[in-house]
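First the structure, which I've put down as structure tokens, then a few questions once you've had a look.
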Amino acid sequence: MLKLENIEAGYTRQTIVLRGVSLEVPQGKIVTLLGANGAGKSTTLKTIMGLIDDEPRKGSVTFQGNTLTHKDTESIARSGIALVPEGRGMFKDLTVFENLMLGAYHHTATAQSTLQDVLKRFPRLEERKNQHAGTLSGGEQQMVAIGRALMSRPKLILLDEPSLGLAPKFVQEVFNAIASINAEGVSVMLIEQNAKKALEIADYAYVLEHGRIVLEGTGAELRENENVKELYLGMTHVPDSGVGRFRRKRRWN
Amino acid sequence: MTVLLEAKNVTLRFGGVTAVNDVSFTVGANETVALIGPNGAGKSSLFNCITALYKPQVGNISFMGQELTKTSPDSIASLGISRTFQNIELFGGLTVLENLLLGRHQHLKVNLFHAMLGTPTWVKSEVEQIKRAEAMIELLELQPYRDRRVRGLPYGVQKIVEIGRALVSEPKLLLMDEPVAGLTTDEKDELVQRLGELKNELGLSILLVEHDIRVVSSLAERIVVLEYGRKIADGTPEQIRNDPVVIAAYLGEEAQTLEGQKK
Amino acid sequence: MVLKERYEQDLRLVGSPQGWAAFALTILLFVLIPQIFPAYAYPVALFMVYSLVAIGLNILVGFTGQISLGHAGFFAIGAYAVAKLAPIITFPAALLVAVVACAVVGYLVGIPALKLEGPYLAIATSGFGLAIQQFFANTPNDWFGGHGGLIVEKSQLFGDFFARDRAYYYIILAVVTVMVYMAFNLARSHIGRAFVAVRDAELAAQTSGVNIAKIKTLAFAISAVYAGIGGALFAPLLGIVSPESFSLLLSVQFLSMIVIGGIGTVAGGILGAGMVTALQDQLAQAGGWSGLLYGLVVLIVMILEPLGLYGRWMKIKLYWKSWPF
Amino acid sequence: MRKRVVVGITAGLFAIAAGLSGMAQDIGVTKTKIKIGTWGPTSGPFQQFGRVMIGIEALVNKVNREGGINGRQIELIKRDDGYDPARTKLVVKELVERQGVFALVGGVGTANGVAILEDVRLNQIPWVSPATGSTAFSQVRDGKLRTPTVFASYTNYVIESILLLRHGVNTLKLSKIGIAYVNNAFGAEGLAGVKSEIAELKGKADLVAQVSHEQSESNLALQALKLKESGAEAVVLYTAGDAMISLLREMAKINYKPQILASSVVAGAILQAGPSTQANGAIVAAYIPLPTAVLADGKNGDPRADAAFAELIKLAPDAVRADPLSTIAGWAFAEPLIEGLKRAGPNLNRPNFVKAMESINNWKGSLFNSLSYSPTDRQGNNSVFLVRGVYAPRPGFTAVGGWVSFNNER
Amino acid sequence: MSLEQAIRLLIIGIEVGSIYALVALSVVLLYRTSRVLNFGQGELALLACFLTFTLTSRMGVPLWLSFLAGLAASAVAAGAFYFFLMRRAKAQDPMGLLILTLGFSLFANGGLSLLFGVDNKQMPGFVDVIETWQIGNFSISKNSVLVAVAGLILMIGLYFFVQKSKIGLAMRAVSQNPEVAKALGIPVNVVLVSSWAVAAILGSAAALLLAPAISLNPSLMLDPLNKGFAAAVVGGMTSLPGAVLGGYLLGIIEAYVGNFVPAFKLALAFILVILVLVFRPHGLLGEKETRRA
């Protein structure tokens, strides 16, 4: 459905963040992209959405057979991709209702019925409809962000760190919501720090390191991979105090 | 163990909202204490009270017998407290070396005129600070970045620079606000490891706010749990893990997974 | 021992032999200008005066990140101090008064400015500039000459010899050299670092032991002193101080100097002052087109070179890495 | 000691300059050419004042076409200073030191002119007709002329305002006087003149209101109200042009109808304020006689002025249409310069020229009432030509009794 | 002070305040969406005035038509300035953009002076500026009423535009978080261009209302723009109601205080600014801005 081929991108001409990233999100699946801060996860999403001017410098992005490379964000969004941005991207001084309606900017005709669907999915938002988004709790804001993305009836939804900064009990709620949206046929691309949770619901996963895909496989495969276990799942114990481990080399096979 | 930092009945209100409600706790010499709790529990507010950025309405905080609620934020450093921030607060326009020199700011007693005229007194004092900063650069293996502007350095390096800036001021107590947020597990482990070493080497006390339970339990000797501005528990990691109040309020199933892992 | 030497070398303003050569050449050039190109003595003197103001403004705007649209006010205080007092207490003493007055006023303006940011500070400081202008204009005529201003005769202050711009030029050169030297020193000292720290991360600066209020008001005071000394040198150079000269337009012109020259560096202020003075000098021949052309130059610089001339220079320097300085 | 050195240097410089440019000739003078500099704002908020330069240029062109002066063509170099004194000095320095002009003519603005006065004094640069009515250009200090190479031909504002007020009080029999002025040197001199004359008049008239406005202020509703409250029967105007238009309209709004006595500077604006304001009937001081073409009824013009104006309208039609008064003023300012150059003869140098200028006595040219200089006096003109603004049959002026001169003795 | 005088001063205050409020609104509207203080606002308004003047007085086009043409021209010019210059400038920090608008202001003022001349022109108005209505023995100027009413209508219109229209909602979204708005598929460039256009229309409307009462020349907008900035700051740079409040407050205070201490009338606006900011650093109705990513 969504296909990235050999993407090279960065923010200024001198720097390069993505060095040939290729990945695929098949129809109706959840694909997760793991990686450390600065590995290029958010850059990948921004490149897909056309949010960085004149990028990617190399490679192509195709969505349902149409190329998205160097199209403007507006038409990319209209083609059926919705983004749930990092940090939830609330319009804090607008009401929950207004936030949601902005998601349906190009879908005025279906806005009302979609709104009913979204409110059914997140009943708590119904109560807070006329409240300013900034006054909501982190978990509720994340619901608004996801709901807002759904307002455009997307075929693919991109989520950038949806669990970041949420208390553990909200995290589960968010992941449940993602799974249920996917169950209704929306494809999902998920970027997460919380690798354990992400791998639980993902059909397929990629690991990004320094702008390259270093590992890929099904969710189950990656859960069992030793390196992933050590670096992202934290399954091994912190060794007792020793020396010389400060900047250890990583070993990828 | 001698008590270094003591907070007594601290209450902080913003308008009608009570951010911190009657919280008391202590940090002993060469002890690591973690503050945990859900978002909005008042952890950062408490931090800001200790660094005198906020003034609590009730209660007092003393550090080695010195009342902190009555001082200004910039004199905290000279008392021997330094801190790092949740979303890295570095001086992006300055080099790594200059960032570390800023950490020495409180030790600089040279006045404006010496500086503007570039007198030998100024050169002497500056050289002394550079030496200290240089030592810290070596300790943290930051040599490759010494003269690079901090803006644009990798995230992980920035985290280290920030810690370096906090340490170069020779604090007795280091406050760290989510030191491992945004790092990979690998990097987290390394940092935890390193902090443990530094703590022993420098005889530091550490007070940290952290979400990552794993980091907290491996680093902290004692954990203070906050919820809605109140302290709901205070004890060793072991005690906290088994505290039913904490489990209900915060950990939820996470605690169980953690338990599972331990086994 | 070796290490120590290296640190001290780091702290020298001019390090390499090539650097020294360039430094000496620059000084020599400035000394010789009135002799070789006497017709340019006045424009270069004016440029030096403006450089001081631009350096000062850059310390405030570029280093600490506080905008000011009111530096014409400090410039005016310096100018009036000399215009009024120099005939009574001699020029050096009047210059000293200008320094003290600007330091005090700059400090006082800095206090309310602590709470303000962005456009609020811009408009509030423009208000300060206006208030100073109105003060000099509306006080009784025997104080500061009211709207007509005060005439400053160099011949009265220095005798007929220094009344010539070519001679007075050297007085300006001496003062400006000292002030520029001090600015370069300040920029790389712990105080200069603290200025930048306050701009980049106020909270962290504070917890590192920087007293924000003190450092910000200090920046205001130093900035005001530079502008004030500029004004003090300007008054005899021009020969008249009148309130209408110290308008918002002048403050805007100062600001455009540092933006054109390069924000946040001492050299940027100097380059910008040079550029603006040269433009004024050259565009006078363009008749009705001069306003349009000046605007056009500003537009082009801002559209193409965000770091100003100094930024462009640094890029060229990077390109010609082998070039001595 | 120092003085002797300076004199020596100056003399030396003169000697060199003279040597370089042929025996008796001076800087900016060759066998075929005389370089003359002028400046004014042609950018920024005050650029309409720059139109004076067009009038100067028109006269210079005419003289050149007729063969120049003693075989020499005049090369006029114009510069824009944006009305900023620091830039004035910049451009005048350029004119004098890089272009090497022989003399300066015109030059708009009081502070602007003062900024170059010391240079003019030290370098003995001839300067004819600073385009401002300030008293600073004809100063006498310790019984000596401060700037002996400067020749003012503009009736200064103090004299102008006194003459206006005298007309109001003595001829129109008005006794409650108000003044509106702009907060700058021009306004201050107008105010000073009015105040001194009120004192002279010893109770025949009172100053019942004085209101001011800032240069940037263009809405004078408050000032109009204040003047009305004071009950002033006559209002003397030393304001900026656009502010005056606002003032007159605001007066009309509140139905307040005093006699207006306006400075020459706002004469142009009087014709733009509109027929239903007090501009209609305002007494205006002009420093030159008005040509028939400018007069509303086409009568009473001065034939000399008519001739000059006819030339001017051919040479600079656009400028004349837009602002006849400033343009013709430029012409007037240049006239004494031309006369001086003629009188100095073929052996043209600065000392000769200054002597020639000093010989001008009760000279009328084509536009002045009477222009006189002497070795002790550089304020050549003390007269104004009073006119009245009218709007029918077309906007313009009618003459009111011709020239009035200032006579201190009275 | 007599009652009559008090009322007269109030009328002057409201009339002037309407102009200030309109200019302040345009300043705030732009600041909210683009984080820019636009010093070129005055020249955009001048363009509208000069065009209206030329069309009506020189070419005989009906006044209302020229009026609309003037507004449209300045809207187009503003949109183009944003789209072709502001958006592409490499200096995207607030200071650089501020200087960019200053450069534009100098450039445009020079250009307009060359094109239309520098002399005072009589701008035609919908009513004769000095005609009055007589209410008892109290006269009120038709123009003052026109200015106040037209100002009010424009402000209400702006309110509905920003609060109720789709593009208004998008403007508010962009003002808070342009990046996210863009990612949602909101045409950010269209929104920004329209906010520049609407701001230009407000500023131009103020100038077109003001010009008939005084005279049209290239420095027409110097003072109103300064006061508009001051009013915007007094009200709070982020608040549209604040701009209106600031404008009227400044106009009225200036009228009363200026009546007693005329010498400091010009500085008054800024004294008010400083007084307000000392107690409320973000203006009367403004809020502290959250830092944008």
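Miscellaneous remarks
Here the chain labels run A, B, C, D and E in written order, and each chain numbers its own residues starting at 1.
Operating definition for what follows: a contact is a pair of C-beta atoms (placed from the backbone, for glycine too) under 8 Å apart; a residue touches a chain by one contact, two chains touch by 3 or more.
Keep in mind that this is a model prediction, so the values were computed, not measured.
Path length between chain B and chain D in the chain contact graph, taken as the least number of steps between touching chains: 2.
Of all chains, the one whose CA centroid is most distant from that of chain B is D.
Per-chain Cα centroids separate chain B from chain E by 49 Å. Averaged C-alpha coordinates put the centre of chain A at 75 Å from the centre of chain D.
Computed centre separation for the pair chain A/chain E is 43 angstrom, with centres defined by C-alpha atoms. Shown for chain B are the residues that touch two or more other chains, of which there are none. Residue positions 110, 113, 226, 263, 266 of chain E each touch two or more of the other chains. Residues of chain A touching chain E in their complex: 49, 51, 73-74, 76-78, 82-83, 85, 89-94, 98, 101-103, 105-106, 108, 148-149, 152.
Put simply, chain D touches chain E in their complex at residues 43, 45, 47-48, 183, 211-214, 216-219, 221-223, 225-226, 229, 241-242, 245-246, 249, 252-255, 268-269, 272, 274, 276-277, 322-323.
Chain E makes touch with chain A in their complex at residues 166, 169-170, 172-173, 176-177, 179-188, 290.
Per the touch definition, chain B reaches chain C in the complex via residues 51, 53, 72-78, 82-83, 85, 89-94, 98, 101-103, 105-106, 108, 110, 112, 115-118, 122-123, 126-127, 129-131, 162, 165, 169.
On the side of chain C, the complex with chain E involves touching residues 61, 67, 112, 115-120, 122-124, 126-128, 130-131, 134, 138, 248, 252, 255-256, 259-260, 263, 288-299, 301-306.
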